[in-house]
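Can you keep this structure in mind? I'll have questions shortly.
Letters A, B, C and D mark the chains in the order given here, with residues in each chain numbered from 1 onward.
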Amino acid sequence: MTTLSPEILTALEQQAIELPSWAFGNSGTRFKVFQTPGTPRDPFEKIADAAQVHKYTRLAPVVALHIPWDKVENFADLRKHAEDHGVELGTINSNTFQDEDYKFGALTHEDAAVRQKAIDHHLECIDVMHETGSRDLKIWLAEGSNYPGQADLRGRQDRLQESLQQIYDRLGDNQRLVLEYKFFEPAFYHTDVPDWGTSYAQVASLGEKAMVCLDTGHHAPGTNIEFIVMQLLRLGKLGSFDFNSRFYADDDLIVGAADPFQLFRILFEVIRGGGLNNPEIAFMLDQCHNVEEKIPGQIRSVLNVQEMTARALLVDRDALAAAQRSGDVLGANAVFMDAFYTDVRPALAQWRESRGLAADPMAAFAASGYQNTIAADRVGGVQSSWGA
Amino acid sequence: MTTLSPEILTALEQQAIELPSWAFGNSGTRFKVFQTPGTPRDPFEKIADAAQVHKYTRLAPVVALHIPWDKVENFADLRKHAEDHGVELGTINSNTFQDEDYKFGALTHEDAAVRQKAIDHHLECIDVMHETGSRDLKIWLAEGSNYPGQADLRGRQDRLQESLQQIYDRLGDNQRLVLEYKFFEPAFYHTDVPDWGTSYAQVASLGEKAMVCLDTGHHAPGTNIEFIVMQLLRLGKLGSFDFNSRFYADDDLIVGAADPFQLFRILFEVIRGGGLNNPEIAFMLDQCHNVEEKIPGQIRSVLNVQEMTARALLVDRDALAAAQRSGDVLGANAVFMDAFYTDVRPALAQWRESRGLAADPMAAFAASGYQNTIAADRVGGVQSSWGA
Amino acid sequence: MTTLSPEILTALEQQAIELPSWAFGNSGTRFKVFQTPGTPRDPFEKIADAAQVHKYTRLAPVVALHIPWDKVENFADLRKHAEDHGVELGTINSNTFQDEDYKFGALTHEDAAVRQKAIDHHLECIDVMHETGSRDLKIWLAEGSNYPGQADLRGRQDRLQESLQQIYDRLGDNQRLVLEYKFFEPAFYHTDVPDWGTSYAQVASLGEKAMVCLDTGHHAPGTNIEFIVMQLLRLGKLGSFDFNSRFYADDDLIVGAADPFQLFRILFEVIRGGGLNNPEIAFMLDQCHNVEEKIPGQIRSVLNVQEMTARALLVDRDALAAAQRSGDVLGANAVFMDAFYTDVRPALAQWRESRGLAADPMAAFAASGYQNTIAADRVGGVQSSWGA
Amino acid sequence: MTTLSPEILTALEQQAIELPSWAFGNSGTRFKVFQTPGTPRDPFEKIADAAQVHKYTRLAPVVALHIPWDKVENFADLRKHAEDHGVELGTINSNTFQDEDYKFGALTHEDAAVRQKAIDHHLECIDVMHETGSRDLKIWLAEGSNYPGQADLRGRQDRLQESLQQIYDRLGDNQRLVLEYKFFEPAFYHTDVPDWGTSYAQVASLGEKAMVCLDTGHHAPGTNIEFIVMQLLRLGKLGSFDFNSRFYADDDLIVGAADPFQLFRILFEVIRGGGLNNPEIAFMLDQCHNVEEKIPGQIRSVLNVQEMTARALLVDRDALAAAQRSGDVLGANAVFMDAFYTDVRPALAQWRESRGLAADPMAAFAASGYQNTIAADRVGGVQSSWGA
């Protein structure tokens, strides 16, 4: 059995992954959202479910919220509820894509009144952040257009900057704005923040507290994502990850499920660039469990990240550097692949047990009966989904 | 002004495009479905709207239905209603993607009972076809899986064939089964009918009454769609088009909006292969008007097809063939592009007027006040969308 | 250490991978072909190098030839030479893309004389096959066009069928025609055999001795290749693989290097569909070692296939089927991933030693000094590349 | 016939497109470079051919050189030769991809000696620029790696910056460095300058005289290129275009041939952003005429740019802005499309005649007999291609 060095175990011990509250609600495609017994009806139930993930993995101590989906009357109550469940509240995600006013844009809208409404929503999110103790305001914008000519690309970009500046200026000293980019969807011709370059140019003009969010599913086919990770770390502007995986578009599948080797390469560049366990970089999941069970889906996800981090930490970087320096293509690749192909799972299972965790968190959760309990208890009400 | 020859005008006069009833309802993305005043609440209102498209263009005499979205108590009434509005009912589209039972497949499901339910739905559709006088049963299958290992690809393909055979065997003498393929969505790892090759292999094994449906938005990036049009015509298996356009995935934008030159190339191959005004090939739209007005969106769409057909008919095929034979690359391309760049719109406008139509159908519809009328009249009820 | 069952070891023992002679010559891009000391100057040296791969792996007993690159005065001598080196001659690959006459096509050319020249080349290849004892004539066609209008897509497809038929009719009783498809390159607008559907339709019309060749690098972005493997096996028309890997286009990288998990999925479908160690299906490599050493590149490649086959054989198919039947998405995926993540390398090394092979073929070859010997010996002459 | 306003004609009169000397030499793919009678054997003949393009179009007064392909003993002679032919020498393009030393990088190489060699090459290019009177040093880097692990992505990026800084520091007061990005090829895993974001971040750190070059063929599938044009203009960092077109990868086809509407959208954003006839932005072609005639291919290309610029100038921007402001999706799109579909060719032909040019430059060149003359005269010697 491969053993993991104390240094590696220390690094793994510090690893913390933020869960999205919305992963515990129902999700789907434009064709259908399937229902699942036990799905949370409110933010309190979502956090209870998220806490299960942390309980069995000790990897997921933070839960991100989405406003207004997770709006409650008293965020102090929600914060207390989270603490009671052993987790804390994290990133606040804004929403400017589900109001009829935003059909043609929010922060970029031609109409100053609509822009102000969208800015105000973000200021309200900052207020929530003060109550929840959150550091990061994450902004994903659904803005764009469907038809050439429909929108003034340049004017929108200028207005985007002005709107972001107003939001940025309201940030508290220890707060940050994290701007996510996305290749396409829900807009199908142009998207106002479509690539890392745009997000980078925008946040660079805002100031030090503005950073880029890299969602691993938001790129054009064939994009070398680990290169972008490297570049953003080098430029000091990588603020957070939205982990998930994809075969085609923004599929939002379980991280590591579609291309495990890509996840390995990403995590290697994270380590190479000083991003592992760096408090400046939030490691978040952003996934949809359309057809699989949600809590186990999240457990599987954080385990995937942990296992792949362990593999990436196993890379013999001295041997790699030597092979790279000497132009030994196959030798360098072999050092890299050797780590990837190493089965770290037995060692991780053993280590988990040494820390009082179950060797197999998936099995332990399944055996706990929690799923049956919530399926039985959560009767009535409206299951949470993206709509609420 | 470019003039159009009598032969071209005769060809254009025969052109008939089938409209999808669902284009008149609301649609959107998984993020949001925006509402629009005047949206139909039932199939009768959808058909009334579709008839407006035909009224101003004389291009759209047929309306396709979707079961169960367009299910009515008495299809004879609906048929009469259509005829009263100057249109007829066309292709019946089945739906096996919105029932909780179909979460893991319908015609391909592991469970024979679920498969039978899906087969029975199609048999019911055939019953409807007898009432509506429809020739084509169009089957688009949302079936697939999201995670490697989740599904037995081979077993599903075999079961697909068995299920299709049962449906096929029920077809009346003058009825056809048209099998649509789609690259991905809503499934994100594998799709059971992902490409034209699979659809072709399946329908070839069924028999002569089974054909392929080519949706122009259902291909991998970079796919040469006109090549597939050519090939299916050559193989005698092109049964219908679902026209729309896309920049990224299955965007379902207005046909010709994203890449007009691609539409030109497709229509040229249709003509080259004997597919124009060929009754064996249904020319249908399948689009979503998420942010634009629906009736004008459909008018714009059929006009785009008409205008591009006119351009494709303008190609000097003798000159083209001569240049092709002599290896004159730039010469052949110039013949092709000359037709594409010719502005046929003035001649078409004049021709419309000669037929008693408005020169500009978009303007004529806008001036008619119909949109305001339905916005005022259709108050209350539930606006139609993909859900109903 | 994971152990491999006797059944798995028996399956692995039978595995045979065919090497392309051209992998031992220089290759590159349109920008530059880099030279390497020791590169073969003729087919005899290529075969000597190929035999090294088999010597250290016992996985590569067959060498494919390319005509005219590997044309020799006396193929019987070459055959004897191969046997002396412990390998045999395999698939004959034709070449209709490097003659000035083929600028606008070969088997599809407008000019019957050019078509006949290309057909005759294939008949000559069949003659070679009789001398070399080869079963398969593999046809990859570079034919297509760069500009819309340049070529008559339909006429070319018809001529392709006629030309192939003439070649097919000359095949001996135990010979086969294997038609490869490719998404694009060297043609950039249309390609005459661009997808599996076209290759399938063509070979289906030829007869039982015509099959499809699937090159893993010849698909559109995002294509689910294992699905095509499944489908061709199901249709009884998978004749051979050209293994390699890619990130972008037809990169021709080492198999398994770009997406190891994809290779796993492909091999799983091979096993699932009865294709493993099935004599009807040739497992060939088709790669370019532009920047890495060639013999070690080939050793690494066959080991990648072997290791991944072992992993695919480890899938607990009963458990997988049970999870699939019950709709247990995460469970089925876990069974699948468990095999992929298992480190089979130690068991394979041990097994190799038990068979009298070096545990680490890469190291053993490096230690042999062969590379230095050929670098010293092969001075003068012209290094082989795609041009000769 | 559509007429073009005096303002539009004035804008078109100022339009100047730079031709690449290498477009007049042979080019091809890794599979084959076809020969053509009359192909230039040296830079002097290339410039003579380029001058033909300008002679018939008055659109192409500048010829870009590539070092070392266009290296001559005395650049003053070449400059005089150009002037005698009515054109001037333009951008100097460096080459760090055809020397054996650059197999594993040039400006990014691990070995300082190789980096220095590559830097020195660029300093030599700057010396040439002083002799030719060129303003721009354009740097396209073929650097990257083929296998994960082969290269240290981060180290290479840091070294790239250091190398570029040394080159930048040598620029004269009126000289600029223009850094091109490319998605992939000839490297197939990672490329050191793969996207506009990387090029932008690099040149932004260099200073005001460093700009980005946007090659229209160097993006991932689906990329909205006009968005990048808009953004770079907005950021003040668009230095030059390399125009060409593509269906798949870096196909280097004639600009406007693959997707005319995309060219229209790009030129619209150029106009919108103040980039038309802006001396800060070089409009260059970068194409390969693999199968078509070279001089006519370049004439076709500059005409395509001219015609599409005329269409883009026809957009009624007031009407467009009004429709955009009011959320009139179809109306705004219609304004846009109306310009695209307008046939500007007759008006341009008439205007050409009014300026003493032939109405149809393609026909005039064909009639001139120049092609036959060079085919007859240029016998012997080695035809220019990328290799020389």
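Just so it is clear, contacts are C-beta pairs under 8 Å (C-beta built on N, C-alpha and C of every residue); 3 or more make two chains touch, one makes a residue touch a chain.
Keep in mind that what you see is a predicted model, and the values were worked out from it rather than measured.
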Ordered by label, the neighbours common to chain A and chain D are B, C
Give me the superposition rotation angle from chain B to chain D, based on Cα atoms, as a multiple of 5 degrees. 180
Averaged-CA centre spacing for the pair chain C and chain A, given as whole angstrom: 40
Taking each chain's mean CA coordinate, chain A and chain B are separated, in whole Å, by 38
Chain B residues counted as touching two or more neighbouring chains: 103-104, 145-148, 150, 183-184, 189, 221-222, 224, 247-248, 257, 261, 291-292, 329-330, 333-334, 337
Touch list for chain D against partner chain B, complex: 2, 221-222, 224, 247-248, 257, 259-262, 291-293, 296-297, 300, 307, 329-330, 333-334, 340-343, 345, 362
The answer for chain B against chain A in the complex is residues 27-32, 34-35, 97-98, 100, 103-104, 142, 145-148, 150, 183-186, 188-189, 221, 246-249, 251, 253-254, 257-258, 290-292, 386
Using the touch definition up top, name the residues of chain B that touch chain C in the complex. 103-104, 110, 145-154, 157-158, 183-184, 189-191, 194-198, 200-201, 219-224, 226-228, 230-231, 233-235, 261, 265, 269, 272-273, 320-321, 323-325, 327, 329-330, 332-337
